[in-house]
Amino acid sequence: MIKHISVTTTQRIECINILDQLQRLVEEIKLKDGILLVYVPHTTCAITINEGCDPTVFQDILFKLTDVFPVDDTYVHPEGNSDAHLKAALMGNQRFMFVHDGQIVKGTWESIFLLEFDGPRTRRIFVHYIRTREKE
Amino acid sequence: MIKHISVTTTQRIECINILDQLQRLVEEIKLKDGILLVYVPHTTCAITINEGCDPTVFQDILFKLTDVFPVDDTYVHPEGNSDAHLKAALMGNQRFMFVHDGQIVKGTWESIFLLEFDGPRTRRIFVHYIRTREKE
Amino acid sequence: MIKHISVTTTQRIECINILDQLQRLVEEIKLKDGILLVYVPHTTCAITINEGCDPTVFQDILFKLTDVFPVDDTYVHPEGNSDAHLKAALMGNQRFMFVHDGQIVKGTWESIFLLEFDGPRTRRIFVHYIRTREKE
């Protein structure tokens, strides 16, 4: 069954670490071994996996994205958030992660994030999963 | 079994909504609950999920992508479509979607698109799927 | 069970074709029909699928990425590799591929690559898989 988590952002552009919420969900659904699929259904948000230890990494990522794809440009879309749609499409609205022995598998520095490009808002994130066999 | 759908584009750069074709496929294969995996095997195309209601959103996305990554540059590849390969790689050649109760799950404004960056062409899109249990 | 392959890079920015290693893994685990999930747990690397026949395509892709997102910029992160984190996040750290009749399914020109943006290093790539039924 599809599950979901919620995230509330406080700025227009923001990066929220959702790893702990996902790990709690893995425990709640008792997913021991399998694939976790994470999907944001909002068109000005993205899901990404990158460095989760030093917040200056995402500070730099969001600065440079906005430098190359600024808010104001010769856009046609009347809502004034075309830059947010483009940034969201470039980063992607979904990621999968592996689960082993009840734990989300990740690299040393990795974490998984909601990227908000047109906040502040409260956003839902859909999570689905596939159970795999441990021994094969 | 791997299924496929076909899309014909009429311009060099174009955005084609494939949601209805995928929903018909879901009904044809009687996928009630599961994961749909959508994959374009052409290296100058992408699959993306974003705003499907107002076409000015993709007009702006494609304008700005071409502004930042123009067709003509100091490229080495002799076919003259390196910009298309780069745009395709940045947007990604694949997306998954969830299916619940026979319907593709999506946000209010969301749709799924083939992005053509080196058309016009007829393109195949591969679709695979995983059935999950409804009650868990 | 989660498998892995290893790749050693020799330059800061480099593109390594990993298709043959993945195909050997498919044979080793006797995956006849299913989904292969490929995930790099390093935050300055990406996994991408694009043209694998003419190496000038990735030469152009990596040139233009570095032109738009240069190494030196007004970055805050003290390690000096913020450009690598951004490039990795834009390209994505994961891809799925379909397997049919024991073979990885791909387009004529396609291949799958590790993109290294902060090498040279030895990198691990995690691979998971889902077996599907051939006849359905």
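Chains: A, B and C, in written order; residue numbering restarts at 1 for each.
Following the convention adopted for this analysis, a residue touches a chain if its C-beta (ideal position, glycine included) is under 8 Å from a C-beta of that chain, and two chains touch if they have at least 3 such contacts.
This structure is a prediction, so every number in the text was calculated from the model and none was measured.
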Rotation in the CA alignment of chain B with chain C, degrees, nearest 5: 120
Chain copies touching (chain A, chain B) - same or different residues, decided at half shared: different
Chain A and chain B: spacing of chain centres that average the CA atoms, whole Å: 20
Two or more partner chains touched - positions in chain C: 68, 90, 92, 96, 130
Residue ranges of chain C in contact with chain B within the complex: 33, 35, 48-51, 54, 56-57, 59-61, 63-65, 67-68, 90-92, 95-98, 100, 105-110, 130, 132, 134-136
Chain A - residues contacting chain B, complex: 1-2, 29, 37, 39, 41-43, 68-69, 73-79, 82-83, 85-86, 88-90, 92-94, 96, 126, 128, 130
